[in-house]
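Here come two complexes built around chain A, the first alongside chain B, the second alongside chain C.
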Partner chain A sequence: MRYLRALAAIIWKDLRLEWRTGEALLTPALLALLLLLVIIFALPPGVARMEGVFTASLWTALFFAGTVGLSRSFARERAEGRLWGLLLAPVDRSAVFLAKGLASFLFLALVALVTMPAFFAVFGQSLAAPLWRWVVLVGLVLLATSGAGTLVAALAAQLRAGEVLYPVLLFPLLVPVVLAAVHLTDALLAAGGWGEARAWMHMLILYNILFWGVPYLIFEYVVEV
Partner chain B sequence: MPTTRPTRLQTVLLAIAAPAVVFALYMALIWAPDERTLGTVQRIFYIHVGSAWNAYLSFLIVFVCSIGYLLRRSVSLDALAASAAEIGILFTTLTLATGSFWARAVWNVWWTWDPRLTTTLIMWFMYVAYLLVRAAAEGEERRGRLAGVFGIVAFSTVPLVHFSAIWWRSMHPNIIQPQGGTIRMNMDPEMVVTMMVAVIALTLVNAALLSYRVGLEHLSRHAAALRERVRLEVEY
Partner chain C sequence: MTRRVDGRRLLDAVTLAIQPGQTLLICGPNGAGKSTLLKVAAGLVPPTAGEVLYDGRPVSRWGPGVRRRLGTLFHESLLYDELTVLDNLVFAARLFGVDDARRRAEALVDEVGLRLAAREPVARLSRGMRQRLALARALVHQPEVLLLDEPFAGLDARWTAWLTERLAAERERGTSIVLVAHEWRWAWPLADRAAVLVRGRVECLVDVREWDADRFGSEYRRLAMPAGSAGEAGTETGGWGAAGEEARS
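Up next, the complex of A and B:
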């Protein structure tokens, strides 16, 4: 019970902080839209309508923009010894990880919610599959991303030039998630249902278990003082 | 106090590994029979499999030492993890390079985005990132701890590299398959023997490299400690 209260308190703190700064929400959303512009300008005319280009552009932009928001999750705890305050709370350290991860997931989901319609509109892409399938797919991808992203953010916050290193440390871990996201999106656009893509779905679920389970177990070593 | 002279372990390992490699090369290049369809280029297989096995082995050592370090905080375990990671990257590079030569001969391309190849490449990037974590962490304790965490997370993807070939109907061949309780080798017995010898020889090379690299790691830590002492004495 105390665990859940601590969890809620940290999430609530992050939400309020976000409300006042906007750095995990506004900045990534703007970056995603800017990337959309850059991609559209960089592509030769007509290519944007080609199969696969939409999927690649969408996920490249979302993953890049996502890392900007994710890295803030612990970077902003560095100043004024805020992390110490968090760690002094009389709960298991894993609560800090879960709360931070869930808050990051919430921000990522909001960023996707705001920017994805723009991608569909600009590329002239129809949904092609029931909405709930998109919600499940994007939800699982972002969940795995925020799990790994939160762990690496906690790690990078303690490194020299950690903000620069952050994407280099995170992307190798995320590549399988990116691959699954791309294959599953293509499957949805083809309107054929999961079918062949079932193996990718299994892998995405497996990575969710991995990227939440492993940090949950070892998080107390990440943030030792 | 660490010395620059080779220890007995290092000398013995080197003395066994060097002739073992020569013997393995003789078996792989001369003794083993030609493959029926692939021809003589198939002989790269022995080095390829030996390197791949040692890459996995090195990353397993990183993983075990990482867990051990987080629990026990022993400097030796951290030094072992750091050394094994570097050697693992070396063997992964060899695996990718030999695989690329072979692919050029057999599939007619240097590289293909096959899951097995892709995941091996990801593994390579992951352990380069591991070395970056080590390089960017300040303080011995913090470096060991953060690298330990990253070493555990990175290794969690290594089994996926192995099973990806089976799961995703890869074009990468699967020579060793379990079949009804036993293991079936889709190879000529002489090839199996050669493969075993190559794997053992490269594992000995791995062990010799590791022993030297760990010695170097201890030396460099000792040097850093001495430098720190000199700095303090000059300051006061």
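Up next, the complex of A and C:
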């Protein structure tokens, strides 16, 4: 019970901070929309309708924008010893990881909720599959991203040049997630279901188990000074 | 406890004990390891050798719940500049599982004289107001052990008097207080024992009832100041040298 209360307190605090700063929600959402504009202006006429361009544009924008928000999740805990403040909570320190990860997932989901309709509209793309399949796909991709992103953010927060190193450390880890996202999106657009891309769905679920399970178990050591 | 970093000994075989309702004053020049000692005691930094014991039992065997017993004040305020005074305290109270966190936070806001600033972001507070808020944060869950690093820093005479009274009341109700103070004269009346830490070692540990402040000041100056640097003694040892007396007046 105490664990859940501490977890809820950290999420509440992150929501309050977000309400006041807009760092993890507003900035990434604007960045994703700006990337959409850049992509549309950069593509030669007609190319936007070509197979694969929509998928690549959507996920490139979401991953880059998401990284901006994720990098802030622990960066703002560095100042004034705030991370110590969290680590002094009388609960297992995995609560800090879970709370930060879940808050990041929430922000990423909101960014996707705002920007994805814009991508579908601008590229003239229909859903082509039941909405619940999109929700499952985007949910799992963002969950995987926030799990890995929170772990790397916690590690980067211990380093002097952490914020600079953050994307360099994170992107290689996210390659399997990007591949799964692209293959599964293409499958949804082409066949309305997972089809032959089902193996990518299994990989995505496995990735989530790995990048939420392992940090949950080792977070105490990750944040040890 | 010993704490080594990159071959340097920040703490060197330090052994200290404190009983419920006692106050241990720790003094020392800059870089003596005072803040490290508090962080090791709080479980934020592991000792390289040795152990922290609570009620005679290694802290590692208590589990995370033991942190509920600790209230901490470090040089860093642990506060969120973007959040309001009240939100910072409500958050700390919830983090420590305090029942009716908002009411407790409201009561502390009044106690530390921040009612008018309760809905202001912490970034707008003065140094002294921040210190009072950081103290309120340390007290929010009514801990059994207080680890306070320079609690008087930034406080004016009125709030220094308040803190002295508050700590005395805490001691009365059985709270153990470890108090690191550069300006140790303020803390002397509160202390049961006083230690001088120099280069990570406890060079002197005295019973305050058996020593007067002047004698302790001389001993502190002798231990903390290497020969030939007496000119700095006033500022380095809490204002007992000529420079310190001048600054005080």
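Heads up, the rule we're going with is that the second predicted complex is superposed on the first by the 223 of 225 C-alpha atoms of A that agree within 3 Å, B and C clash if a C-alpha of one lies under 4 Å from a C-alpha of the other, contacts with A are read in each partner's own complex, and residues count from 1 in each chain.
One rule holds for everything that comes next: a residue touches a chain if its C-beta (ideal position, glycine included) is under 8 Å from a C-beta of that chain, and two chains touch if they have at least 3 such contacts.
Because the structure is a prediction, the values reported are computed rather than measured.
**Student:** Let me test your reading of the model: by the given contact rule, A:158 touches which partner, first (chain B), second (chain C), both or neither?
**Tutor:** A:158: touches chain B, not chain C.
**Student:** Tell me which partner A:84 touches in the superposition: chain B (first), chain C (second), both or neither.
**Tutor:** After superposition on chain A, A:84 lies in contact with chain C alone.
**Student:** Let me test your reading of the model: by the given contact rule, A:210 touches which partner, first (chain B), second (chain C), both or neither?
**Tutor:** The answer is first: A:210 touches chain B but not chain C.
**Student:** Looking at the overlay, does A:224 come into contact with chain B only (first), chain C only (second), both, or neither?
**Tutor:** both
**Student:** In the superposed arrangement, which partner chain does A:173 touch: chain B (first), chain C (second), both, or neither?
**Tutor:** first
**Student:** Applying the document's definition of touch, where does A:50 land relative to chain B and chain C: first, second, both, or neither?
**Tutor:** Neither partner.
**Student:** Could you tell me if A:5 is touching chain B, chain C, both of them or neither one (first, second, both, neither)?
**Tutor:** A:5: touches chain C, not chain B.
**Student:** Per the contact definition in the header, classify A:199: touching chain B only (first), chain C only (second), both, or neither.
**Tutor:** First partner only, chain B.
**Student:** From the superposed pair, tell me which chain A residues show up as contacts to chain B and also as contacts to chain C.
**Tutor:** In chain A, positions 224 sit in both the chain B and chain C interfaces.
**Student:** Within their complex, state which residues of chain A touch chain C.
**Tutor:** It is residues 2, 5-6, 8-10, 12-13, 16-17, 20-21, 76, 79-82, 84-93, 224-225 of chain A that touch chain C.
**Student:** Okay, in this complex, where on chain B does chain A touch?
**Tutor:** Residue positions touching the partner: 70, 118-119, 122, 125-126, 129, 132-133, 136-138, 142, 145-146, 148-150, 152-154, 156-157, 160, 167-168.
**Student:** For chain A, which residues count as touching chain B in their complex?
**Tutor:** These residues of chain A touch chain B: 148, 151, 155, 158-162, 165, 168-169, 171-173, 175-176, 179, 199, 203, 210, 214-215, 218, 221-222, 224.
**Student:** So in the complex, the part of chain C that touches chain A is made up of which residues?
**Tutor:** Touch list, chain C to chain A: 39, 42-46, 64-68, 70, 72, 74-83, 87, 91-92, 94-97, 121, 137.
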